[in-house]
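Below: a set of structures, written as structure tokens.
What follows is a pair of complexes built around subunit A, which joins subunit B in one and subunit C in the other.
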Partner chain A sequence: MPSFSNGRSQEVAMLVPAMLCLVLIIVVPFALSVGFSFTDQRLMPRPIPTRFIGVTNYERMFADRLFWQAIGNTVLFTVLVVPFQLAISLTVAMALNAAIPFRGLFRTVAILPLLLPITVVVAIWAVLYRIPTGPLNAVYQLFAGSENYIDFIGGSDTAMVALVVLSAWATFPYQMLIYLAGLQDVPGDLYEAAELDGATAWQRFRFVTWPSLRNVNIFLLIITTIQALKLFTQVSVMTRGGPNGSTTTIIYYLFQQGFTSQKIGYASAISVFFFVAVTTIAVLQRVFLKNEGEA
Partner chain B sequence: MADVRIASVTKRYGAVEVVPSLDLHIPEGSFTVLVGPSGCGKSTLLRMIAGLETVSGGTIAIGGRDITHAAPSKRGVAMVFQSYALYPHMTVAENIGFGLRLAGMPKSEMEARVREAADILQLGPLLDRKPKQLSGGQRQRVAIGRAIVRKPKVFLFDEPLSNLDAALRAQMRVELSELHQRLGSTMVYVTHDQVEAMTMADQIVVLNKGCIEQVGAPMDLYRAPQTPFVAGFIGSPKMNFIEGPIAREFGGELLGIRPEHVTLSDREGRWSCTVRHAEHLGGETLVHLDSPEVGRLTVKVSGDIAAAPGVQLYATPGLDTSHVFKGGLRAPS
Partner chain C sequence: MNLFPRGTLMPFLFACVVAFGVLLPLMMMVTISLNPDEQDILVSMGTLKSFIPEVISFQNYIDVWTDPARPFFRYMMNTAIVTLATLAISITINSMAAFVVAQGSLPGKKGVLLFIVATIAVPAESLVLPQLILAGKLGLVDTYVVQILPGIANALSIFLFFQFFSRIPKDLFEAAELDGFSFFQKYRHIALPLSRPVISAVAILQFLEMWNAYLWPVMVTRGPEVRPLTVAMGAFFGTNQRIPWGDVMAFAVSMAVPVILFFLLMQRQFIASVMSSGVKG
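Up next is the complex of A and B:
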């Protein structure tokens, strides 16, 4: 017979391993970052010892033009990619939820982008974007009626758009699967009732599907926003932040400062700022968009 | 208001024929109940009338107009679903008025109609609530309200009371009958509950494997079932069926006697039986008996009688209430 008299301490004891893991992988590194952000820590050890320099890193950060440019780029990317990616995900999910022929096959094909390593995806898109004889330029030449070609990644105006399209394509199946599950949860007789009420296809979407997806939408909005704010790999592999810093995101700038320029203290300050900013945005989204039933 | 005429309608799902060929007339202003065992095609038939299911062959006309291929909203029908199918994010008022809103009705007129329906169904105080803040019975009323406001020619109900508890079901039965009297519209009602069928219907349609076994007024079906299937389906507890020499004695192949039409005596009677088991329902007792002549027999007697297992009793069938079948049909008496 197990005794429940010491239940409280038993509960605590059972939480300890999970708590330890959390502390080790999240709290400790974050605490270290906070610590470093007040020092002039370098990546490689130097003869002069590391010094405590107060809020100097933060002062420098707020005065750093490149830092603000990175924030601007990150916000722009997020604002563009989130609606675009969610729209693609929902459209594809609805198509795959409809009674189309070979639905099982299409469902499998649709998640293929998730199975490819992101670097491979980037390599493929880089070819599409960059090669003068690539398919995108073929389309461009067709419509422009000229022999000219565009390096979509090479121009400051097109590079960000190229990044948005590539990123949306590379990760949309994740959101699509969640939408698909959400769509399958909508009771079929709601659509039948709406049909009897005289709703058109658009009205059935507007009054049945869309409100039923409310909680799914809130969840996806938050995680897609966070995913977008963390953009790094695509930039690092494809544009290296260029041209002219037009695709340098916060995380890429942090990486440059910390690892290329070896200024770990400064990079830590950026990471602390980033952590606070992302958490604030997620909390605000959560507060302003209440789940169904909480309102 | 309008009648519904179903002519040679068939329904196939792939190679499976669910409804072979069905003809049925639902008179204007009638309360027609479709009954039958699970899977016999009641819902399918109702959904074909609603337009939610395509028809594989034949025609359906409402009020003389062929609507076989018309869109559901263009048929002048309203449907109440078993699950209620209320829009979860809309208030009661919005749920009821949704069809009118889509039809572009002016707001003031819409509100008046919603209010009128709410008054009929006593939903007035609940108009601002969301469906999940309502009880099952209240949700059911909202679903009915949504049907009423559209002033349909034909109301369709698919087992609307089956999610309610027994007491509420009895109350809603009465309310629906009153609603029918008040509106006078044609109503088609699917159920597998025979109490609902017997108490509410003007006309009962008994379906079996997609075919109509019999159409008639409730008491006609009870008094003169035309097939053994109807005889066994209508009435509770189920009719006793006796084959063999005794049935031949009555001039048929199959003899049917309702449990309430057998008298029991401990002194004399036609068949001697042994009590196997007795169910005491309070006002009446169901006695299950074994007889060497007729096999198993169920008898319903009023009052609470003592009938211990093993006791010897005599059963006598009421002659003018017995049903004789020959070749699967009722033998002319």
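Up next is the complex of A and C:
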């Protein structure tokens, strides 16, 4: 039947553009990345041809002190920002889910940071963190009663925390909206029943709200973790990985090695490691949390 | 009438704290942008004067809008072109592919779906270096095309469309077949009009991604011809020169305001779309 074969060819024609894009933009570069990681490929062409060098890049990587520092910094950022940001998002969502006056207005205001590109957020916080007289130092001096100031961005101990606060401020509205959706799905009669039983506000949260948000929590935990592991822009614009490498993340190190220093082979080994790490963490979180729910 | 029904006073107070936490930095951004005196900006930082404007001057705005070394409107046009082209192409090709996988009759659809799900997991950041080399080989560095391409290969968007299309009742399509609709016509005239909520969810997620894109545009753009706003903004911090805070903030406000206005107009759809993007726990 002509119409039948015509339908098939239409289907193929509709499927091919997207598949071609996935192959050319994701699969081929991914394969290249794995391939490059076993060579001494450079970004700019050289007179000497690129050579296959086996697992040398991986050996170098595992012996590279700066690589491990980048891993440590990335893990530190993730471990700090994920609980902090999710706690803020959930608390704000609960407040904005209650029947408070001007609720719509409060929701509008709370979403605003999400609409600012991260480079604008960095500019704002660069002023807030400024030394010696930025707004946050003014508050600090007011309470400390001294002329001392904290070099938030310039101190190795504080720079990462400064990035955590900035990042949570910039993107908490996304998680907040997802939590808000989750809170609206909690059956109202559960709260009524809890109230009849004389449950306190804390008990209502602990035994009704929190268990009902289980799926939302798993989803947000995974996407917030992956987001955190990819930290780059804030570092690149605000701290340039410093001071003393204390904010150099994996992606920033990858950028430095592959783009600034043009060592594609070595940076490819880092990117393969990053891919494996991100995938493993996502899968582990899912498996671990699912099992706990089924137990 | 009681303004605070039982148990809402604390949430209200907390909401006020949050609103201040969001609005104070934004007020500071606007206030500094309205102060033409860089010396005064530095002196008054940390006092109330950096949150409540004392003078209102648009000098900084005029400066950043007319600076030939940093052509604001050129950057804005670049961002608009790259973002709109990415959204249009991405939504078109990814929804078409999703419709084939959800409602088509091709053999091997299961395999295609598996492939799509597998590619969702690949973090774009781990691909930028080989992508850069490919772009160099194809002569695409410093073009719009190279900024558009990574965004249109979007497995997550295919998957979101797929989920929606596979839930459309079959009888809708069977009726259309009796009317002589081809496969493409079923997609174009039945599935697509129904999928407005998915389209806006995908568009908003992708818009936020593009609006925050930095790593890739930094690597593939050289000059103001194709550079987006975000990279131009970041470049204020690239030099060791003293940062002109009045200009920085005027630039920041200029790029943020159109998006915020658009959001205020479309707020309901925006909130609904972001909320729906997270339902798959």
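Everything below uses one rule, namely that the second predicted complex is superposed on the first by the 270 of 295 C-alpha atoms of A that agree within 3 Å, B and C clash if a C-alpha of one lies under 4 Å from a C-alpha of the other, contacts with A are read in each partner's own complex, and residues count from 1 in each chain.
Operating definition for what follows: a residue touches a chain if its C-beta (ideal position, glycine included) is under 8 Å from a C-beta of that chain, and two chains touch if they have at least 3 such contacts.
Just so it is clear, the model here is predicted, and its values are computed rather than measured.
In the three-chain model built by superposing on subunit A, subunit B fits alongside subunit C with no clash. Residue contacts after overlaying the shared chain place A:D189 against subunit B, while subunit C stays out of touching range.
By the touch criterion defined above, A:A144 lies against neither subunit B nor subunit C after alignment on the C-alpha atoms of chain A.
Of the two partner chains placed around the shared chain by superposition, subunit C is the only one that A:F255 touches, whereas subunit B remains out of contact. Note on subunit A: of its two partners subunit C and subunit B, the one contacting more of its residues is C.
Contact with neither subunit B nor subunit C is seen for A:A87 once the two complexes are overlaid on the shared chain.
Measuring from the middle, so to speak, at the Cα centre of subunit A, the directions to subunit B and subunit C differ by 80 degrees in steps of 10.
After overlaying the two complexes on the shared chain, residue contacts for A:V161 are found with neither subunit B nor subunit C. Judged by the touch definition given at the top, the superposed model places A:V127 against subunit C, while subunit B stays out of reach. Looking at the shared chain after the overlay, A:D197 reaches subunit B, while subunit C stays out of its contact range.
Legend: residue contacts after superposition of the two complexes on their common chain; A:L66 is shown touching neither subunit B nor subunit C. Of the two partner chains, both subunit B and subunit C are touched by A:R214. When the two complexes are laid on top of each other via chain A, the two nearest Cα atoms from subunit B and subunit C are 7 angstrom apart. Across the superposed pair, subunit B and subunit C both touch subunit A at residues 214.
On the subunit C side of its complex with subunit A, the touching residues are 3-5, 7-8, 11-12, 14-15, 18-19, 21-23, 25-26, 28-29, 32, 42, 45-47, 50-51, 93-94, 96-97, 99-101, 104-106, 112, 115-116, 119, 121-123, 125-134, 149-150, 152-153, 155, 158, 182-184, 187, 208, 211-212, 214-215, 218-219, 229-231, 233-234, 236-237, 243, 245, 248-249, 252, 255-256, 259-260, 263-264, 267, 270-271, 274-281. Against subunit B, the residues of subunit A that register as touching in their complex are 187, 189-190, 192-199, 203, 207-208, 211-212, 214, 292-293. By the touch criterion stated above, subunit A contacts subunit C in their complex at residues 3, 6-8, 10-12, 14-15, 17-19, 21-22, 24-30, 32-33, 36, 41, 43, 91-92, 94-96, 98-101, 103, 106-120, 122-128, 130, 133-135, 137-138, 169, 174, 177-178, 180-182, 201, 214-220, 226, 229-230, 232-233, 236-238, 251, 254-255, 258-259, 264, 267-268, 271-272, 274-275, 278-279, 282. Residues 50-52, 71-73, 77-79, 81, 83, 85-90, 98-99, 102-103, 132, 146, 150 of subunit B are the ones touching subunit A in the complex.
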